[in-house]
Structure formats: structure tokens, C-alpha cells
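So, here's a batch of structures to check.
One chain, chain A, appears in both complexes that follow, with chain B as partner in the first and chain C in the second.
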Partner chain A sequence: MQIDKLSFLQKIGVYIATFFFLLFILMPFIEMIRVSLRPMSHLMTAEFSWWSEDFSLQAYRDMWNTVPLLGRYIFNSIFVASAVTVITMIVVIPAAYAYARLDFPFKSLSLGGFLAVNMFTGAVLLIPLYRVLRSLGMLNTYWAMIIPGVAFLIPTGIWLLRSYLEKIPRELEEAAFVDGASRLYTLRRVVIPLAVPGLIVVGTAVYIGAYAQQFLFAITFNNVREIQPLPAGLFEFVGYQDTTWNELMAAALTGITPVMIVFLFLQKFLVAGLTAGAVKE
Partner chain B sequence: MATLDLQSITKSFGAAQVLTGIDLAIRDKEFVVFVGPSGCGKSTLLRIIAGLEAATSGQILIDGTDVSAAAPVDRGISMVFQSYALYPHLSVFENIAFPLRVARLPEAEVKQKVGRAAEILQLTEKLSLKPGQLSGGQRQRVAIGRSIVRNPKVFLFDEPLSNLDAALRGEMRVELSALQRDLDATMVYVTHDQVEAMTMAHRIVVLNKGRIEQFGTPMELYHHPATKFVATFIGQPNMNLLPATVTGTGAEGVTVEFHGGARMTLPVEAATARKGDSVDVGVRPENLKLGQGIAMRLRVLERLGGTAIAYGQMADELKLCAALSGDTTVHEGEEIGLTFSPADAHVFDTQGRVMRRRQAPALAA
Partner chain C sequence: MTLAVETAAPERMQRRELSDRAFAWLLIAPALLFIAVIVVWPLIETIRLSFTDATLGGENWVGAANYTVLFGDPKFWQTVGRTFYWMVLAVSLKLVVGLIGATLLNAAIPGKALFRVLVMPPWVIPVAIGVIGWKWMYNGYFGLISGLLQEFGLVQDRVALLATKTSAFYSAIVTDVWVGTPMVTLFFLAAMQGVSKDLYEAAWVDGAGRWYRFRRITIPQIMPVIVSMALLSAIWTFNSFEIIWILTEGGPRGATTTLIIDTYKVAISAQRFGEGAARAVVIVVLLASFSLFYLWFLNRVNRRYGAK
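Right, the complex of A and B next:
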């Protein structure tokens, strides 16, 4: 279409802007990769350069010896984030559907309440949460990281999914109702299959949230090394004398790689989900 | 199949009264069309019959049983929606089979019933496709297929043809009429299109502002509209209304004087007419002929081939429309004269009620 046409100068402008934007976002990652590839002794001395002769994968080999439980930490991270995501989705799907379609007392008030709860960061609630988890005997278990994680992500999940479910034509559900389908049957056979792109978007947002917030819960509610997630486990690279920065960066990058690969495959759903209903088909 | 009775149905949304005192008796195997302008309550009435909406008061009886509180599926109705409401993630087969799956019928029975529905609707070749791969007319047939597999007592259609283009709409009208005959079913059909109503219905319900204006056969509505609203709503192009004053009543009818002084005695029941009353004289465009009488400046002439529709204005700015023969020689901008036979005139009193015509054509049974 004509409206998409940019002049040559405009195109150059767009590319320059994109370049600076990406540079700003990606610089920390580039620095992480650079640090992870260089030997410890050279880190603090050499000038900055994009490429240097001393790059090697040595840190990626050594890190497993420096922190023997590293594999376990990576598994814990993924396990906790996945468990949080699964439990959150099980709760969020029916809740979001109810908010999208049913009428009940205090509907908008409770929805606003969820948003208000989201404004408290986890840090403010750490001490009350600690007391609750202690009386439930859940400190130093996976539950200590999963349950608060789920609780903090449900409101976001409901808000995101509700707006997606509202876009599913009401007539589809009415047709199912006329044919004798119950609410739950309609949810299972009609609404959820149609909401798959939305579910992937919400699932991804929840997973990222769960992955990011587990550090806080892990260092406060957990003392057991074996169930520590990666962000907390990375502290083991910080020694009394010195910090093996290159191995720390290598471990961090290794830890997020499996997740990154999955998200790369989900990307096309993400884009489809974020723009669904934006234009008339 | 089944009869459908509505008894003093009312419906209000908050303070807004949408339907008032709807009484209707629909016979077994009858094809009834609800027609009216948008906002007249016809869709709401259909949704109340379907059980998607609860009436504020009144009863719905299907086959003499009160189903007002029953769930849609227990009423024995099925419904075809305006947007078809097909499930885009399911195949045509599964779309048609949906009500049977809900009822947990055995696989063999599902296959047999869906197969038969597909045969009736010529969808056998398309069963494995997704709705997105079908044309508008085929989607429409899938939606109908889903409604017939369950063998309901009453079929409900909510403006099912409004999303189709004009040619396909004409085709589907014929198919729907044939389907109704083949299935021997009671059908209720909602539309805002009076052509659909006239062509398909056994009887038409004309709704206006939440009330039934008239319930009758298409030709009854055409020849004996009960109100001015029905008269102008049914018939294409719309009926002309000429304001006039009653100058006398007698055995042969009502004598009126038009603006401009022309007098005419019209053969209608004169019981409610009084001398000096303002009335509207309704004349259908197809009853107007060229000749000495009403003078009209012809503004636009639409030649349709068989007929030519002439739009124009009378001396007092009153708009007028006449259906002339296709090979008429009049020209746009010309002053033409129009006449009509007194027997073709409809007379409406000040409240818009008709004075019954005496010499209307006999109605086909």
C-alpha cells in the first residue's frame, strides 16, 4: 500500500533510530557475552573492544567445577517458573472467563482490587509472607517460591486474558448454549481452543514474571542449596576474596538459553496474540 | 412438529420497555417471519423464544407445554445466528455434530445423522474442511446443518441472510423455503427485509416499537394493511400517502378532498370517519397510472426493464413515487399526470388505523 512507502531518507532515519534503541537494550547482553568469553585475569585490564584474541569458552567449562550444583540450579529455576506458570494458568483461565462473560456482585470492584494488589511489590510483603509461610511449614520447600509467585501473577494474568476472551464473539457461546452445552463444556470445547494465541501470550508473560521474581523469594524463604533457583545460586560465584565474573556471566547465559530457545519458537504466536482483533479480518 | 404460543410477553431492560403485550399463536409446520425496522424488538422476541433472554412477564408454550423457564435445549428449539456462529477451529463435520457431541450420542449415530444433514444441504464433499475455507453460502448451510441434526420442534433464524450478497440471498431464500417444506418444520424467522418476509413467510408478524402491528399472510398485509405503518413498510417501492380531508361519508364510501381541491369517493368502511377529519390516502406506486389527475414534476426515472420507477414532487412539495411500464416515454424534468382507481386506495384515519377496503382483490387461500 502507498501509505507504507517511506522515502530513502526516512528509511535511513528509521534504521538509525532502531540501531540506537537496540544498542541500548542489548549492550548489557553484549557485555555479558564478552565477559563470559574472556579469562579472569584480562577482565579488568584490557581496553574495551568488540573482539579480542583471548576469547575462549574456558569459563563455560570451569563453571561446573566452581559451582557443582549449577545444573541443579538451572533445573530448579525452570521447574519453579514452570510450576508457577501451570498453576497460575489453571486458576486464571476460569477466572478470566468469569470476568469476561458473567455478571456477579463486586465485579469491577474486585477487578480493581487485583490491580491495587499488583501495586505492592513483593518486597513490601516479604515479612508478612515469611510469617505465613513459616506457620504453614513451607519455608525451605519449593512451595515457598511457587505459592507467592502464583499469588503475585494471578492479577496480571486475569487482566491480560480477560480482554482477550472478551474478543471471542458472544454468539459462538450462545450457539453452544442453545445446543445444550454447559458453561464448562463451552469453555473447554469452544473458548479455550479459540483463545490459544491469547493463552500463549499470557503464559509467556506469566513465565517471564515467575522467572524474574523467584530471586526475591528464594533468598528470603529458602536456605536449602538443593532447591535454590539459578539467580540465587549465582551468588556462589561471589567468593570471599574475589568474584569469578566470567563464570558467573557464563552460568547466567547458560541458564536462560533453554528458555530463550522456547520463546523463539513461541514468537510467532506472541505477535499474533498481541495484535489479535486489532484489525477486522 | 410443533405449535408455538406466546402469551402476553413483555420485556424491559431497566426503564426501557422493549416488548409490550406480545400475543401470538403459531401453527404447526408454519413458516412465520418477524419483520420490522431495527430496534422494533424482533430479535429480542426471538431470543426470548430461544431462551437466551428471559421475558419480564408472559408465557411461552411449545406444543401446549409451558417452557418459559426451560433451558434452550429442553425447549426443543434450535437457532441459526446472523453471524452463523460456526466454530472456526472445528471441521464442518464437527460443527454440525456439535449438538450431538454435547448430547453424547454414540459415534455411529453421530456419523449417520451428520451424513444425512450434509446430504440435505449438499455439504457431503465439504465435511473435512474448516469453516474458514467455505464461501458465505456454504457457511450458512453449515449453520443450518447444525440446527437440523438435533431434530428440533421449532427452528429459529436470526437474520440469517443479511451477511450474504444480493444474488446469494435470493438463492438462499428459495433454498430455505424448500428446506422448510422438506423438513415439515415450524420455523420462526427474523428479518428487517420485507422482501424476505413476503417471499418466504406463510404468515408475517409486523413489529413496531415493541408491539405487533399486524399478523397475517403476505397478501393480507399487502391488500389489507391494518395500519399506516404496515402499509408503508410492506410493498416495494413504499406506498404513497396523500393527505386529504373527509368531506362526506355515505353508503358508497368516504368522500375526500385532496390539497388542491380534487375530490374522490373511495369505497372503504366509513364507520369511523367524520366530516372534517384529516386522513391519509394511501396509493401503492404500482396502482398509479399515467393520465389526467395528480400533477407531478418527474425528478428521477429508474428504468428497471420491466417497470420504470418514477420519483417526483407534487405542487405542494409532497414526494410521490409511481411504477410505470418499462417502455414509458416520459422524461426526467417533465410534468406528468397520474391517476388511480378509487378501489385501489387505502384510507388511514388520524390514529393511523385503516378503514377497511370493500373492493380489494380476493385473497388466495
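Right, the complex of A and C next:
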């Protein structure tokens, strides 16, 4: 369109500015890759240098010895995030449907209450949460990381999914009622199938939240190494004098690769859906 | 089928109404249960604990003693001040950088689809992993930033950015901005794309320049999103734990200790549950009043800019 057209100089300007913006965003990743490809002894030499002749994949081999549980950490991270996502969706789907379709007393008040949960993070409630989890016998188990994770993602899940369900035409459900279907049947057989795109978007958003937030609950409620998720597992190696940073970076990059690949496939879907759900028309 | 709905529905709907209420509560019951056990009950417990001297050993009721000690401690007020400074500075930077980023990504240039994907990684990976990367970059011996500063002759010697008070604080801010910017950018971008093209065209026909259109159309149109992202970012930044914990654990000499870090140190590291709980209650009260004030403000903005 004519109005959006940029002159040649303006285009150059936009590219340069975009370059610096993306440089800021991607710098840690670039640096992590650079570090992971260099031997430790060369990283510690006096002169800082961008390029060197000694790039190698050695750190990617050695990391399995330095971080022997790396495979477990990656699995744990994905497992915890997946479990959180599944449980959250099971809880959120009926609740979001209730808020999207039904009228009941205290509807907006209780929805406001759910949203108010977003104000807290686990950090404020750690002490009693620790006791609750202990009395439920969940400390030092996967549940200690899953259950709090679910609770703090429920509000956002309800909020996002509700706006999706509201867009599904009511006529379809009403037609099912007329045919004598129950509410539950309609939810299962009419609403959920129609909401699949929305469910994928909300599920991905919940997954990202669950995957990103594992650190606090893991370091506080779990001290069993074998079930530690990736961020908490790697944190153990940070800050010692003899931290082998190149292997740590190699492990971190390897650890996030599976989820990054999945995300690349889902990204278009996710961003469009997530922002459409959250931004009011 | 539509005809059937119109004739048969009203009567059936009425009969259904009563059971609908029960059904609705049944549907939200699991969610309520989760929140009750994991958020509401711990919150009540936190309030109760804040009036005790609870440790691992046991607990006694001490009345408001924890609060009296806390409020009488000048260090605590420093921490409060630092937390708000941390929040305001980080959130403002996120909004500014996010707005610039969104504007750039919204420009009609070849490659924009790729650029939009490249913004996302910090948002998608675990926060802690990105922060470990930053921790490396800040280190004084062989860190990238120290190296670059020397390269450009800005400093003579190696600088350990996390080792001195001021530089540690601002380094933590930069990392926090880095963590928060992608999401802000993407929401601003989505909002910009939702602005009606007619508005721009009308202004364009009238001869309005790019900057004028940005100021007078884009900004007012996306104002509700800016304001709600500001609130969300403020809450997250206020509550932000991992970034500071991994970079500095609140140091050096308390320079990066925010209320959350202070609470974690007292409650979890030192296991002084009562005192920690009092701090947690202060956080809740501060955040709640801040949010209420902000929601009131948001309401006014929405009315003014005509959003729903």
C-alpha cells in the first residue's frame, strides 16, 4: 500500500535499527553458542577475541560427563511442563466454558478472584506452600513442581480460553440441546471439537509458562537431583570457581533445543492466537 | 434447524436454568479447589504466621512484633525503595524498548516475518537459562561485555559488572528488560496490527506525516494495551525472583535485594518463617493496593480512548 511505503533511506534505517534491536534480544544466545564452541582454556586467556581458530564441538561431548544427569534434566523439564499443561487444561476447559456460556451467581466476582491470583507468584507463598506440600507428602517428588505450577497457570488459562469459547456460535450448541443433548455431552461433542485451534493455542501458552517457571519451585521444594528440571539442574553448576562454562552453555543449548524446535512449528499459530485472545477488539 | 431452535428453545432453556447454576459451579470446582489449596489457604497461613515467631522448631504467637521490627528497620525501607525503583525503571524500559521493537517489526520491509520469530526466544526458553547466559556475559575475567568495553577502549581493565553495587543493580535491570521485552513487543505489535487502516488513510490523505500518525493514531489506539502491559510487567517485575537470584543472590552487599529476594532469604534460606511471612504480607498488601489503583487508572484510560 502506498501509505506504508518506505523510501530507500528509511528502509536502511529500519534495517539498522532492527539489527540492533535483535542483537540485544539474541546476544546471550550468540554468546552461548560461541562459548560452547571454544575450549575452556582459550576462553580464559587474557585477550578477549571474537574469533579464533579453535572452534570445536568438544564441549558437546564432554558435557555428558560434567553434567551426567543432563538427559534426565531435559526429560524432567519436558515431563513436568507436559504434566502441568495436561492437568491445567483438564481443569481450565470446563471452567472457561462456564465463564463463556453460563450464568451463575458470583460469576464476575469469582472470575476477578481468579485473575487476582496473577498478582502473586509462588515466591510470596513459599512457606505455607512448603507445609501444604509436605503434609500432602509431595515434597521431593514431581508433584511438588507440578501442582503449584498448575495453580498459578489456571487463571491465565481460563482467561485466554474463555475469549475463544465466546467466539464459537451459540446456535450450534442450541441445536444440540434441541436434539436432547445434555450440557456435558454438548461440551464434549460440540464445543471441544470446535475449539481445537483455541485449545492448541492456550495449551502452548500454558506449556511455555510451565516450562519457563520451573526454577523457583524446583529449587525450593525438591532436592532430589534425579527429578530436577533443566534450569535447576544446571544452576547447580553456576558460580563455582571451576565452572566449565563452555560445557554448561553446551548443555543449556542442548537442553532447550527440543522445545525450540516444537516452538518453531507452532510459533505462527501461537502468537496470532495468544495476542488475539488477550488484545481486546 | 434454526427454526427448531426458535420455537423449542425458550421453554427448554427455562427448565435448564436452575440446573445451569449448579452445573456451572461443578465446572469451575476443580479450578477453585486448586486455587483454594495452593493460593488461598497458603495466603491465610502466611498472614497467621506473620504474627508468630515460627521457625523449624515451632511457633509462638508474638502479635505484631515482626511488623514492628520490620517497619523500624531502615534497611527494610531501603529495600522497599529499591524494589519500586527497580520496578519503575525496568517496566519503563520494557515499554519503551517494546514500543520501538513493535514499530520496527510492524514496518513494511522484506524479512519482517523472520524478524518477528527472532524476537521470541527469550520468551520461550526457561528464564533461568537465559539468565545463566547473562551471568556469563557479565563476568569480569572473560565475559563478553567486559571484553567489548575494553575493545572499544571504554575501560582500561576488566570490569566485573556484578561485583560492584551500582553496576550489579543496572546489570540486573538490563537482564530483566531482556526477559520481559519479547512479550511486550509481541503484544504491542498485535495491537498495532489491529488498528483500523482507515484511520491512517484518512490522516494520510490530510497530509499527516509518519511521526504525526504514530503520535496521534497509533499511540492512542493501542493505549489500552500499553496500559495493561504496563500493569502485567509491573507485577512480574516486582515479583521477579530468578533473574536476581541467579545473577547476584541479592548482593553485592544487598545492592540488588528486592522485597522478593529479601523475603526468600529470610523465609527459606534462614528459615525464619514468621519474619519471612511478615515480609510476604507486606508484598501482598503493596501489590494489591498498587494493582487496585492501577485498575482504576486503566478504567479511566479505557473510557478516554473508547475501548471496551
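As a working rule, the second predicted complex is superposed on the first by the 238 of 281 C-alpha atoms of A that agree within 3 Å, B and C clash if a C-alpha of one lies under 4 Å from a C-alpha of the other, contacts with A are read in each partner's own complex, and residues count from 1 in each chain.
One rule holds for everything that comes next: contacts are C-beta pairs under 8 Å (C-beta built on N, C-alpha and C of every residue); 3 or more make two chains touch, one makes a residue touch a chain.
Only a predicted model underlies this, so the values are computations on that prediction, with no experimental measurement involved.
*Asks:* Is A:V67 touching anything from chain B or chain C once the two structures are fitted on A? First, second, both or neither.
*Replies:* The answer is neither, since A:V67 touches no partner chain.
*Asks:* Between chain B and chain C, whom does A:V190 touch in the aligned arrangement: first, second, both, or neither?
*Replies:* first
*Asks:* Of the partners chain B and chain C, which touch A:P169 in the superposed model: first, second, both, neither?
*Replies:* first
*Asks:* Kindly classify A:V178 by the partners it touches after superposition: chain B alone (first), chain C alone (second), both, or neither?
*Replies:* both
*Asks:* Does chain A have more residues touched by chain B or by chain C?
*Replies:* C
*Asks:* Show which residues of chain A both chain B and chain C reach, each in its own complex.
*Replies:* Correct list for chain A: 171, 174-175, 177-178.
*Asks:* Using the touch definition from the top, list the residues of chain B that touch chain A in their complex.
*Replies:* 50-52, 71-73, 77-79, 81-83, 85, 87-89, 98-99, 101-103, 146, 150
*Asks:* Considering only the defined contacts, which chain A positions touch chain B in the complex?
*Replies:* 169, 171-172, 174-181, 185, 189-190, 193-194
*Asks:* Would you mind writing out the residues of chain A in touch with chain C in their complex?
*Replies:* By the definition above, chain A touches chain C via 1, 3-6, 11, 14-15, 17-18, 21-22, 24-29, 31-32, 35, 43-45, 48, 77, 90-92, 94-95, 97-99, 102-105, 107, 110, 113-114, 116-121, 123-132, 147-148, 150-152, 154-155, 158, 171, 174-175, 177-178, 183-184, 208, 211-216, 220, 229-232, 234-235, 238-239, 245, 248-249, 252, 255-256, 259-260, 263-264, 267, 271, 274-276, 278-281.
*Asks:* How about chain C: which of its residues touch chain A in the complex?
*Replies:* Going through chain C, the ones touching chain A are 1-2, 4-5, 8-9, 12-13, 16-17, 20-21, 23-28, 30-32, 34-35, 37-39, 41-43, 45-46, 49, 54, 97, 100-101, 104-105, 107-109, 115-130, 132-137, 141-142, 144, 146-148, 150-151, 178, 181-182, 186-187, 189-191, 194, 197, 200-201, 204, 224-225, 232, 235, 239, 241-242, 246, 260, 263-264, 267-268, 273, 276-277, 280, 283-284, 287-288, 291, 307-308.
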